[in-house]
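In what follows, chain A forms one complex with chain B and a second complex with chain C.
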Partner chain A sequence: MTDPNVQPARAPTDWSNPARQRLIKQRYAAERRFRLAGFFAVALSVLALAVLLVTMVGNGLNGFRQTELSVTFDLPTLTSGASADSLRGASADAAIRSMDLQGIVGLAVEQEYGSDSRDYLTANAPFLLRDMLQDDPDMIARKAKIWLPVASPIDIAYKGRGTAEAEKIAATLKANEKLRSSFNWNFLSASDATDPADVGIWGALKGSLLTLIITLAIAFPVGVFAAIYLEEYAPKNKLTDLIEVSINNLAAVPSIIFGLLGLVVFLTWFQMPRSSSLVGGLTLALMTMPVIVIAGRNAIKAVPPSIREAALGIGASPIQVVFHHVLPLALPGILTGTIIGMARALGETAPLLMIGMVAFISSPPGGFTDAATALPVQIYLWSDEVNRGFVEKTSAAIIILLIFLLGMNALAIYLRNKFETRW
Partner chain B sequence: MDGTALLFLILGLGLVAWITGRTRASIFVRDGAHLRRGHVNSLPVYHGWYLALWAVLPALAFMVLWDIISPALVSNRVLLSPAAASLSADSFSRGAILSEARAIAQGFQQSAFQPQAQALVPAYREALAFYRWIGFAITLALFFVAALYAYSRLKPNLLARTKVERLVMLILILASSIAIITTIGIFASLIFETVRFFQFVSPVEFLFGTRWSPSETIGEGYNNGYGAIPLFWGTIFVGAIIAMIVAIPLGLMSAVFLTQYASPRLRRWMKPILEILAGVPTVVYGYFAALTVAPMIRDFAVWIGFQNAASDNALAAGIVMGIMIIPLVSSMADDSIAAVPGAMRDGSLAMGATKSETIKKVLLPAALPGVVGGILLAVSRAIGETMIVVMAAGYTANLTANPFDSISTITVQIKALLTGDINFNGPQVLAAFALGLTLFLVTFLLNIMALRVVKKYREAYD
Partner chain C sequence: MVKKISVLAFGSLALAACNDPAASGGAGGARQEIRIMGSSTVFPFAKAVAEAFQKGDSNRKNPIVESTGTGGGIEAFCAGIGSQTPDIANASRRIKKSEFETCKKNGVTEIVEIQIGIDGIALGESIKGPGFKLTNAEVYKALAANPFGKPNLTKKWSDVNPALPNIPIAVFGPPKTSGTRDAFAELILEAGCKTDAATKALKETNEDKYKAVCHDIRTDGAYKEQGENDNLIVQKLSANPNMLGVFGYSYMEENSTTVRGVALENVAPNYGAIATGRYPGARPLFIYVKKQHVDKVPGIKEYVAEFVSAGTKGSYLTKLGLIAAPDDVRKKAFDAAANMTIIDGADLK
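And now, the complex of A and B:
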C-alpha cells in the first residue's frame, strides 16, 4: 500500500502504549497538583483575612458593651437634705459643683457593698450622677436606684476574662442581680481616658475627620490639576518626565518618610502647631496626592479623543475643552480614585506618629490647630497599654475603623459602577 | 479681626468683583448690539473672572507674605518696649522667653513658666494687635487698588478669556510641580539633618558598625552604638526574606489561579476579597501580629525546642507583613500575565501542553519582567512598612538569623528615636534622619528599577 516515494518522517505515537499512558497520567496529575496549589494559595489568603476579621470582631464586640452596677442612693441623707429647687435656675451649676459628688458616690457604694467596694465604679461615675441630677433635680429628694458603669477589672471579669479576684466579686454581684450589661454609648461619645471602662473614640474620630478635611482640601485640587496638566497639556520634554518619575516614585515612598518630611518642614521650618490635625492633614495630603494624580490620569485618558475634537471643532479653547467636557466625563473615575486615596489616608498611622499626634488627649479637638489624635493612632496607643481592659477597646476601635474603610471602599465601587461609561 | 475672617472678607469682595466684571461686560455686549461700539472679545463671565482674580490674588499673596514676615516685626517691636529692657542678651534664653510670651498672648497657653515671659505678655498683645491692623489695612488697600486697575482695563476688546486661561494654565503647571517640590523637600530635609548627624558620628561607623544602641553621649572612635548594620539586616530579614517567602508564592499562585483556572463567578468574588486584604490598615495588621500571631509562634518555637524564643519575634512580623503584601504581588502578576499575547498561550495549548505546562513554560517566563517589577515594588513596600514591625517586632537590634529571636528594623528605630522625649540637636534624633535617608534612597532605587522594568516590558508586547 505504501508509496515508495513518500517516507513517513517517523512512526505515529502509539498512545495505547502503557508507558505513554503512564506519562499522560503523570502530566494530568501534575496539572491537578498545580491547580490545587493555586486554589490553596487563594484559600490561604482568604483564610488569613477571615482569621483577622474573626479575631478582631470576637475581641471587639465586648468593647461595645459596658457592665453596670446597681447602686441605691439615699440622696436626701447623702446630700444632707439639699432641695430640688437649689438645683434649678441660675445657681444650679454652682450648687451641684459645691456637692462632693465623688464622696457621695463612694459612700453610697460602700453602704451597699461593704468597705472594699470603693473602686467598683469608674472614675466617670460622679460625672454621670451630676448629669442625671441636672436632668432631673427632683431626684435629690428621694431614694434612687441608679445603674452606673463599673471599673475595668470587674467589667472584663463579668465578660469572662478577668483576674480570679475580680471574677469572684463579679460572680457574687451577678448572683445578687446587681450587675447588668448594656450598650456602651460612652465608647462612641467620649475620648481617651486612663480607665479602659471610660474610654471612647469620639475624640480620635473627630481628629481623623479634621485631618481628612485638610487632606482632601489640598490633595484633591492639586491632584486633579496635576493630572489634567500631565494628561492634556504637558509637552514631551525632560521636565515632564521628571514630574512623572517624581509622582510615580512618591506613590511608593514609605509613609514614614512623609512623616519625617512633615516633622522637618511643617514643624521645624514653618513652626506650625505640633500634634495638630492641620499638620497631619498637610502631611497626608502630600502622601495622597500622587494616588489621586495616577487615578485622575487614567480617568482622563479613558475619555475618547472624539469628545475633545468635537469641542475644539465648534470653537472651544483648549482650557474650555478640558473644563467643560473632559473633566465632567472623567469625574466619576477621579472621585473613585480620590475616595480610595482618602481611605488609605484614614488608615495611615506612621507619619502621624512622627509629627507628634501620639499624645494622650482626653478631649476632642476644637479646631484644626488644636492638639489632636487620629483613629489609627488611638488604636496604636491602646494596643500599647498593659491594662487588660484595653484589649477589647482596641479591637472595638479597629471594628469602627474597618467599618469606615469598608464604607468608603463600597462607596467608591458604587460610584464606579453607577457612573462608569464604556465608550 | 483674625486671619480667617479677613480671608472670607477678601473672598466675599472677590465675589462682588466677579459680579461687577460680568455685569460690566454684559453692558458691553448690549451696547455692542445697539450702538455698534465694536465686537466684545470674550464672554462676560471671563470679564468677571478677570476682575475677581486681579483683585483677590495680590491681596492673598500679601496675606501669606505678611504671615511670614510679621512675627519678626512683632518681636522687634516687643524688644524695643520698656518691658523687654531687662532681658538677657543671650539669644537662646531670650528666644525661649519670647516664644512663651507669644504663646500666652495668642491664647495657646494659659500661664507662664518663666516670670519674665508673663511681664512681656501685654507688650506682645499690643504689638500683635498693631501689626494685625497694619496687615489688615494693607491687604484691603491692595485689594481695592488692584480691583480699580483691573476695572479700568475692562473694555470690549479686552482679551479677558486669553488672560484668564493663561493664569489657569499657570496654576495647572504649579500643581504638577508640587510633586517635584515634595521630592526635593524630602531630599533636602533628610540630607540637611543627616549632615548634622555625621558631625557627631562618622559615616563609617554608621554604615559598617555592628552595634546599635544609640546614646546621648558620643566619644572618640568608631564604637558609639550607632552602627546600623544590625538594623539593615533586620529590615532585610523581615521585609525582603520572611515576608517575601510568604507573599511571592501565595501572591503568584493566587494570580495564576484567578486568571487561568477560576470561573468568572469565583473571580468576581475573590478579587475584591483580596483587595480588602490590601485595604486593611497596617495598624490593624500590627495588632493582629502582636496579639494573635506572635504568641502562637512563640509557643510553637518553645514546643520545637527554642526555649528562649522572644514574644516579639521576627517571624510573626514577617509573616503578617507577607500577608499584607499578597494583594500587591497578586495584582502586579495578574497585570503582567494578562499582558502576554493570547497567541503565545494558544500556541502552547495547541501543541498539546496542559494548562499548567503552558503557565509554567510559556506564560510565566513571558510575564517574568512584570512579575519581577511587582516583586521589587513589594520589597520596597515591605522594608518601608512601619506599624507591623513597631507593634510586633522588637526594639533591641540583634544581628541574628534566628527567626524566633527579637529583631529590629530601620523604621522601628526611626519611630523609637522620634517619639518620646527628644532633644532636637542631639545625635539620637539626628540618627533617625540618617536612617530615614538610607531608607528613602533604597526604596527610591527599588521603585525606579521596578518602574523601568515594568515599562520596558509593556513596550515589548504593545
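And now, the complex of A and C:
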C-alpha cells in the first residue's frame, strides 16, 4: 500500500543539462523577439506621426508668413488732390469707390519698380489700400510708404521655392531692402481666393465650426436619449434586437451614402439651402449619431446595477435614477464616444460633396443657412491646385485642422475629468 | 450638468453667429448669389471670373462655384428652375441632345450657350529633338497599357512604325489625378484607339472594357509621371532631347525657346490649329446659362459678360491656361452674352 499523500520521487530539474540550457535560451529569445516586435510597432507609428508632423510643419510654417513689398504712394498726385474731408462722413464710401484704386496701386508700383512690375502685388492690394484710407483719411494728403503683400510667384521665390525668373526679381528687391516677411494675418481672416498669396482659412474654419455645432446639437441629445431608452426602458424583444443591429450597421456605413441621403432628404424634400452648414451639419449628424448611441449604451451598461437599485430603494423615481445617477456616471464614456464621432465628422469630405459644400466660396458664411465650406474640403481643394504657391497653404490648413482637432479633444478630456470627479 | 452642457452649447452658438463684415447675407427667400456647377476643367477659370466679378463691385455677392464634373453639373442644371438649381453650368463638352431634352422636360426651356475658350493639350519635344511627326494611332500604340487589348511590347519608336526614329519610347506626362492626363487620354489616345474597328465596336458592347483599353497608359516606365507640374516637364525635355512630353498648350507657348510641338496627324500644335480645332488635342469649353434665372438672381448677365471679356488673348484667364477662341467664335459668344440668345437644340448630338 502506498501512501496517497506521498508524491512519486522525482529528480530535481538538471538546469546545467545542455538540452535544458538550449530550451531556456529559446524562451529568452522568444521573449526578446516579442518585445522587439512590440517596440517596432510603436516605433513605426511614432515615425509615421513624426514624418507627418515634420513635413506638415516644414511645408506649412511658410504658409503663415507673407512677403510684403514696400511701395511709396505719392497720394496727393495719384489721386489728383482728393481731400481728406471727402473720405469722411456719409459719402465716404462713394468717394472711395469713385477713385480708381486699382489704377493708383498699379501706377505707384510702376513708378517705383519699372514697367514689368504690374504683377508684383496681389489682386488684394487695392482693397488693403482702401481699408487703410477708410481708417486714416488724412493719409491721402501725404506721401506714404506702405507695405503691401506680393503676388504668389514672388512670395514663394522669396521663401526659396520659386521659379528662376521670380527668384531673380525677389533677390534684387531683397538686396534693395524692399521686401520683408511678416506674419500672415490675412491667412487667418480671409477665405478662399485664386491667388495663393490672398487665400485664408477663416471661411472654412467658420464653416466647420457652424457645421459641427449643428451636428453636436442634433446628434448628441438624440444619441444620448436613444441610448438611455434602449438600455433603461426598452423591452428586450425581436424589435429592439433589430434596432440594435441596425444601429451597429449604420455606424459602419460609408459616409458618401449619408451624403446621398442628405441630398435627397434635406435638399430635395425639405428644400433647405444648398451648400449651407445647416444641411452639412444635419447630414453629419446622421453619420455621427450611431457612434454616440453605441458608445452611450456601452457606458450606461457599465454603470453597476447596485447604483440603480440603491437609488430606487431610497425612493428615487426612474427618471431621477437616470438623470441623477446613471447619466453622470456614464457621461465620461458617452463624451469619449461623442468626441470620436465628432472628430470623424470634422474630417469628412465625401458627404459634403453631395450637398454642395465642395465649392469655391470666397466669403465666410454669415450664418447657418449661408453657403459654406469646411476645413477638410478646403484642404482637398487646395491640394488639387496647379499653382505651386498652394503647397504651403495646404500644409498650413492641415496644421489649423490638427489644432482644431486637438482643441476639441482637449475640451472633451476637460469635460470628462470634470464630470468624473463630481460624483 | 445637463444645464451646463446647454449653456456651453448656446455659448458656442453665439460665438459662431459673430458677424463677419464680408459675410454674405442670410438666404431667406430668393437667392442673392449666383450658383455655378460643373466641369473641373472650367472650375479654375470660373473661380477667377467669380473673384473678378465680386471685386468689380463690392455690393455684389460672391458667386459659389462647385466642381462636380460636366455631367453632374448639367444634371443639376437641368433638374428644374428655382433657387435650388444652379444658374450656370460649366462644361468641357457641348450639352448632349438627351441632356437638353431632360432640361426641357423639367421646365428649363431657355438655355444660353457660350463658348468661353479652348482647352489644349500638346505633345512636345525639345528643340534639339529629332523632329517627331506622329499619328494618333502611333501615340496610342506606343503609350497604351494594352493596345487593342494586347500587351504592349514596343520598346522603341521604330517598333511602332519602322519609319520612326530608332530611339526608346520615353514620354513625360502628368499623373492620373490630372485633368490634362484625362484630356490626353480622351482626345489623343482614344482617337488612336478608335482606328481599330474591333476596338471601336467594343464601345457598344462593353463600355468599361473599351475605356480601359483606350485610356489606360502603360506603367512599365516608358511613360514617366512628373507630377502636376507642367513646368517641370518642360525643363526635363530641354535636358533630354530624345524624349517627348505631354502638357497644357499654354506652357508650350510660354517656353517656345526650349520646346516645340510634335505634329499629330500632320497638324502642328500652334494657336491657329488649336483654336480652330484641327489639332487633335483641343476641345472647346462652354458655359450654359439659365435665362429664366437672369431676372431672379442679380448679376448673372454681368458675370457672363466678365467671363466672355476675360476670354481674350493675354487676359488673366489665358494666364491660367485657357486658350482664347478664334475671333468669330468669340464674337458669337459676345453676342450671346449680350442678348442672352437661347439655343433651340437642333444641332445637338
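Throughout what follows, the second predicted complex is superposed on the first by the 373 of 423 C-alpha atoms of A that agree within 3 Å, B and C clash if a C-alpha of one lies under 4 Å from a C-alpha of the other, contacts with A are read in each partner's own complex, and residues count from 1 in each chain.
Here is the rule we go by: a contact is a pair of C-beta atoms (placed from the backbone, for glycine too) under 8 Å apart; a residue touches a chain by one contact, two chains touch by 3 or more.
Because the structure is predicted, anything quoted here is derived from the model rather than measured.
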When chain B and chain C are modelled together on chain A, clash or fit: clash
Which superposed partner A:49 touches (first chain B, second chain C, both, neither): first
Chain A: partner with more touched residues, chain B or chain C: B
Which of chain B and chain C A:27 touches, first, second, both or neither: first
Partner chain(s) touched by A:228 [first = chain B, second = chain C, both, neither]: first
Contacts of A:280 with chain B and chain C, given as first, second, both or neither: neither
Which superposed partner A:254 touches (first chain B, second chain C, both, neither): first
Chain B versus chain C as contact partner of A:207, first or second or both or neither: neither
Which of chain B and chain C A:63 touches, first, second, both or neither: neither
Which superposed partner A:317 touches (first chain B, second chain C, both, neither): first
Touched partner set for A:97, first chain B, second chain C, both or neither: second
Interface residues of chain A shared between complexes with chain B and chain C: 273, 356, 358
Chain A - residues contacting chain B, complex: 27-28, 30-31, 33-35, 37-42, 44-46, 48-49, 51-52, 55-56, 59, 221-223, 225-226, 228-230, 233-234, 242-243, 245-250, 252-258, 260-261, 263-265, 268, 273, 286, 289-290, 293, 317-319, 343-344, 346-350, 353-354, 356, 358, 376-377, 379-380, 383, 391, 394-395, 398, 401-402, 405-406, 409, 413
In the complex, chain C residues that touch chain A: 1-2, 9, 12-13, 16-17, 19-20, 22-28, 33, 35, 37, 43-44, 46-48, 50-51, 54-55, 58, 62, 64-67, 84, 177, 228-231, 320-321
Sites on chain A touched by chain C in the complex: 97, 123, 127, 163, 191, 193-194, 202, 206, 209-210, 213, 216-217, 267, 271, 273-276, 323, 327-328, 331, 356, 358-367, 369-371, 381, 384-386, 388, 419, 422
Partner chain A, residues of chain B touching it in the complex: 108, 161, 165, 168-169, 171-173, 175-180, 182-183, 185-186, 189-190, 192-193, 249-254, 256-258, 260-262, 270, 272-277, 279-288, 290-292, 323, 326-327, 330, 354-357, 359-360, 377, 380-381, 383-387, 390-391, 411, 414-415, 418-419, 424, 432-433, 436, 439-440, 443-444, 447-448, 450-451
